[in-house]
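Just so it is clear, A, B, C and D label the chains in written order, and each chain counts residues from 1 on its own.
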Amino acid sequence: MTSFIRRQSWVSGLFALLVVLFILTRIIQPGYGSGDFGSLARAALPYAFAVAAQTVVVIAGGIDLSVASLMALTSVIAASMMNSASEEYALFVVPFVLAVGFLVGALNGLLIVVTRVPDIVVTLATLFILQGAALMVLEAPGGAAAEWLKASIVGTVAIPGIPESVTAWIPKALVVLLVCLGLVWIPLKRSALGLSIYAIGSSELAAFRSGVSVARTRIAAYAIGGLFGAMGGLSLTMSTGIGAPIPGPYLLASVAAVVLGGVTLGGGKGGLVGPIVAVFILRLMRTDLTLLAIDPNVTSIVEGTVMVAVVMLGAFLAMRERRP
Amino acid sequence: MTTQPVLDATGVAKNYGAVAALRNASLSVLPGEVHALMGANGAGKSTLVKILTGAVRPSAGDILIRGKPLDVRSPAQARRAGLVPVYQEPALIPDLDIVSNLRLTRTPVEPFRNWVRELGVPDLDLDDLARDVPLAILRVLDLARALAVQPDVLLLDEMTAALPANLAERVLDVVRRQAAAGRSVIFISHRFVEISALCDRATVLRDGETVGVVDIEPGVEEKIVELMLGARVDRSRPVSASQVAARQPGEKPRLSVRNLSIGTKLNDVSFDLSNGEVAGVVALEGQGQDELFGALAGSIRPAGGTIEVDGRAVRFGHPADAIQAGIAYVPGDRAEALLMQRSVRENIALPFSARLRNWGPIGSQRERGAVSKAIERLQIDTRAQGEVQRLSGGNQQKVTIARWVAADARTILCFDPTRGIDVGTKQEIYKLLRELAGQGKSILFYTSELEEVRRVCDRAIVIFSGRVVDILPVEIADEAALTRASYGLPRGAAADVGILADAAQKGAGAP
Amino acid sequence: MSDQPLVPLIILLIALVIVLQILRPGIVNERWLANTVKFSIPLALLAGSQTMTMLTGGIDLSVSTVATMAAFIMASQAAAHGAPVAVLLALLPALLIGIANGIGAGVFRVHPLIMTLGTSLIGAGCLQVYQRTVIATGTRIPDLFTWLGTGVTWGIPNALALFIPVAALILFIQKRTGFGRLLYALGDNEKAARLSGAHYWQVILALYVFSSLLAGVAGLLYVGLIRAPSSLSLAEPLLLPSVAAAVVGGTSIFGGRGGYTGTIVGALILTVLTTLLTILQMPEGARRVLFGAIILLVTAVYLRITEDR
Amino acid sequence: KDSYTIGISNTVQGNGWREEMVCAMKAEALASGKVTKLNIAHRNTDAAGQLEDIRNLISAGVDAIVVNPSDPSGVNAALKEATDKGIVVVAVDQGVTEPSAYVISNNQEEYGYLGAKWLFTQMGGKGDVVYMRGAAGASADSDRDKGFKKALAEFPDVKVVHEVYTGWQQDQAKQQILDFIATGTPFNGIWTSGIDNVIVDALQESQTPLVPVVGADNAGFVGQLSSVEGLQGAAVTNPGSIGGAGVTLALQILDGKKPADQTVLVEPQIWDNTTDEGKAKLKAAADPSLNPEWPVSISIPDWTTYTKEQIVACKGPAD
């Protein structure tokens, strides 16, 4: 019970922090408006998917070092398939790329299960493998994206009956994000598979003895992580209009946001909301640092310090709570 | 007797590398019987249960379920075949709440809830995380979860070992009714009273082999012990507890606890522990004994009261402080005390390195000497000593004590040290504790097996609802008196509680 | 009883060398051996940090930043203040980062992965700020480190003069000291270590300080080898390989198992593997695929062999 | 108007060349006297991250954005948003395909061609060359490769015996060349994509006979070209000060002086140590006090106005 409360309070604390940052942003830049919020949502997109991928795997007691490489791979596949292809062809490309992500994720899981090599090592190896595969698909950045795909994360959603001053604050990118994550996460969380993922993360032995098929669950967790990773790769192609074979900075960012979001490395605890909120916090912080025109070399000090401080605070609170 | 056995296993063997956990075990269980599986520590009982329920793959052997051969590959499959285990270690997922744990195993909630109530835990919150539930309750939940799916064969591995008397009694009751309803139960325990009160037949394992199947009838205990221990049989009489070390007049007590209180769990507890004394602590589950031991061990900070060691007031902020004051704590849950992947030697030598000033080079000679002396003294089976996790439960338990024998701690707080230990080993531990006391050491000894008080202790401190309700001299601390006291009843009240008293009256045998 | 049987690892190493020799006859000569050892040593030192921290179930992702900082600071200060002062100044940030890591992980119980990632970000930022103050001061690598880094005496790399004592120290700490025992103990069962009287924070603090100083020394040696004194990402490429070397060498990232001898062989294996892939003329993509696949294969095979014993 | 705010976006941090570029931007902004504030987004990231940075700069209300694009077409969307808002966009170092943006860039294809041609000539038009590229998948690398291949086509008797990506990492490059030397395969020249001084070091340390080496105009390599006995080599300029030129161009446009062309190419020069002319240039450019990773060409005639002290101080208008 106590840890349930703790978990929820952590997420609400994060929300509060996000609101404070928003207010701060408005103070720094009074003109910060809905359009800028849309930019924030678009910027958050690849990070959010990377974090979602990492979250599922971490809850299952693993870690996925290959997430950024998978994003690069799926992104170059998508971009090179859509290169000088018709707009409609993209309708086929999207599910195909998602399937690739799912399968690659499943392969990660399968390798872990079959070789019994620890997750961190297997995904370190697949980090290189997927990177290499991405380079084999596209030697240099290139390719293209269908216009409708690019447009699908630009602008806002018009909802009849709701004034535009409100819908202006509902960027399409945010809707795409929430729909994509929700469509996978909500049913998962309610399913037996979801429960099993938490179970193997919490105690593999107990889960096995409770009749959970540990191997199958682990593979499924990685496969779902791969699916999210592919969404992240697609989102890269959608926002840049190209595919780049060199992985972006999503691996470390995803691990950091997972932990900031209250998911314990080691597994069994946490949810998806916290990490996603953490992503928005980190992105907004970056915006503020740019708006403030702070010396760019100081920004990484600030980012590192905030990350350490927040996690320390969380650890400190948890420690105080444990005391009677 | 031509009834077909529900479960018939023959020639089961299991090798872990060079260690043969099982060589040639067989087990045949009839419908509606409670079948005891007995054997000394490390005989292979748990391994057999794991094999029968698919948690471990056997190296050899045939398993017939209702006459049909079955290759049990996973716990899930065993479950479908009607075999449901309660393992020696809790199998609930720590980070899931109890409802989710039930959902995970597709256990119906209502029957589960009923069973939990039946088993004597009335106020369970199903939204609690398993992590926050005390060990004994976890065991009960594990059992209730198994019962709720109405298994044909229920396998209970030392189900009662971690339970206080009141809960153990309920378990026996429930098991008995299972059998009456025509279901079978495989029951592992080191407690003869339970076996004789409950079981129809017993299969005895020794060194991984089935060495006999006996009907349970009055007087069969001797035979079982003989089968279990083989040549190792130890007929030394219970250690007499009457030789209280002569106390010098005016000597300060080793440990003096005054008005100790911790939250709502412990209230105004006061008692003394002398040099050379073994004091028993007796309590039902959750009466504050965990907190008392925690406070004395330096793990929990008390809210009020004082602790004096040799007449000097102490405050412990960390177990290291208690150890510094010569007080060592042996937790009841051995998983809490042991480095499972490390060797027996490292486990025993661990306290030598703990303090900052001992971080330097290790004196190998001295250490080896101290460690092997302790191993010898506790007769630890060191065949699998490379990693403690490969030792049997009982031998693991011994390592937790050996550590403090080697470190020569002056005061040892033993929390249920004989939990899950076979009769032979128990005798050794009793003897050891008395010997230590004879050397002037003092021991605080919590036990869930009331008969142990008479065998080992000089006094019994009874705790009920966070208070010391009685301190009984050993002469009158028989099981009946202790049971009464631990329910908070005054001395001399009618003896109407406790199956142990029942069993004693009825005589062993008929369930 | 050793924690990780070395024989299969060494066999794997030799097998790789043989493959290399078959692919490029004549490559396995004295000079190549010296080069391989030279490049393995900095990696092995950083992997030493990983091995030590992994024993407690931790990890130290700040080692590459610490090493780079040490190298850069030493090179930029040596010109003005002379080598001894420069070395001391260079190890100062290593000490500070180690203390910060130790306090975060040991006192506040922040997961080491996050803690060391955070301090590494902070360290990298500080280095960026610092480098702007020394753009035109010139750099110098003290002769000692050039000698250690690049020199070879009678076919034997001079770096061994530093590495052998350091490795011996690490091995001694792991196997023969109370501190080493506690590392394994904390990684195996923190509660048990506590009940035996060990103070978690003391051990963790000492550990991360040691790990960081080791990384600093590795950085000094590395800059002597590469002689790129003003690179702000000098040791960055060694981070993932340092983790890989420890893991390939049989140290468990979950703590409680492993040791440094395996790590040394692991570092050699990775270095030989890199050579193998450089020598193979194939597209960069295929080369990376192969690198990943071989790491996985090596670890899997090794695990299989040691499990069956 | 004399009080502009300029935004800067760069996606590689901790690399000498890029540091110099940023310092040149700052120094030029200061020297021009027309800039009151610089907003600099400078970190390691990809095209998507650069989109984020550019949009943040738009939010910050800058008058012009000078960007070193991580990809020629990957950041077009944000660049378009900027120019739609009337913000002047100048891409430096590499081009962008967004037509509303101005480009002032080093000609990377020419960089590859010029160095390779010199090298092959130096080798006598035949022999084996070691080709040490930059980072796989980077657009500057593929542009340079085009130039290199073009030169290669002109010299049919030159063979590439070894092609490898250094990832623009000094340590990797050094190990790679040492490994290659150990194979005993003969070679007659080395082309590097700017990771050059460690290659010369490696040749010396392993007592391998020196062969002609092509590198960039980094301070360390330029120093080696005049100090290392028997080394034949050439430095191809790739000025990091292009950043300063970008600021100048942006200010000119803000002041209403549009260039004739959307794209301005800065052509590389080659300084070799085998001709007197080249030697003189090397000597003039050599600067041992400079950080060895910094390109020595710290200014571009006609485009930058700051002094050496100013770029080394690396201070912008508001610092």
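Just so we're on the same page, a contact is a pair of C-beta atoms (placed from the backbone, for glycine too) under 8 Å apart; a residue touches a chain by one contact, two chains touch by 3 or more.
By chain, with names taken from UniProt: A = Autoinducer 2 import system permease protein LsrD; B = Sugar ABC transporter ATP-binding protein; C = ABC transporter permease.
All values reported here derive from a predicted model rather than from experimental measurement.
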| item | value |
| --- | --- |
| Label of the chain whose CA centroid is most distant from the centroid of chain D | B |
| Euclidean distance of C-alpha centroids - chain B vs chain D, Å | 72 |
| Centre-to-centre distance between chain C and chain A (centres being mean Cα positions), rounded to whole Å | 30 |
| Distance between the centres, which are taken as Cα means, of chain D and chain A, whole angstrom | 34 |
| Chain A and chain B, separation of their C-alpha mean positions in angstrom | 46 |
| Residues of chain D whose C-beta touches two or more other chains | 13, 136 |
| For chain B, residues that touch 2 or more chains besides their own | none |
| Residues of chain C engaged with two or more neighbouring chains | 124, 128, 132, 284-285 |
| Every chain pair in contact, whichever chains are involved | A-B, A-C, A-D, B-C, C-D |
| Footprint of chain A on chain C - complex, ascending | 100, 104, 108-111, 113-115, 117-126, 128-129, 132, 240, 243-244, 247-248, 252-254, 283-293, 295-296, 299-300, 303, 307 |
| Parts of chain A lying in touch with chain C, wherever the complex brings them together | 111, 115-118, 120-122, 124-137, 139, 245, 252, 255-256, 259, 264-265, 295, 297-305, 307-308, 311-312, 315-316, 318-319 |
| Interfacial residue positions of chain A with respect to chain D in the complex | 29, 31-32, 36, 39, 42-43, 46, 134-135, 138-141, 150, 154, 235-236, 239-242, 244-249, 283, 286-287, 290-291, 293, 295-297, 299-300 |
| Contact footprint of chain A on chain D as seen in their complex | 13, 22, 37-49, 51-53, 55-61, 70-77, 135-139, 141-142, 318-319 |
| Touch list for chain A against partner chain B, complex | 1-4, 192, 195-196, 198-199, 201-203, 205-213, 267-269, 324 |
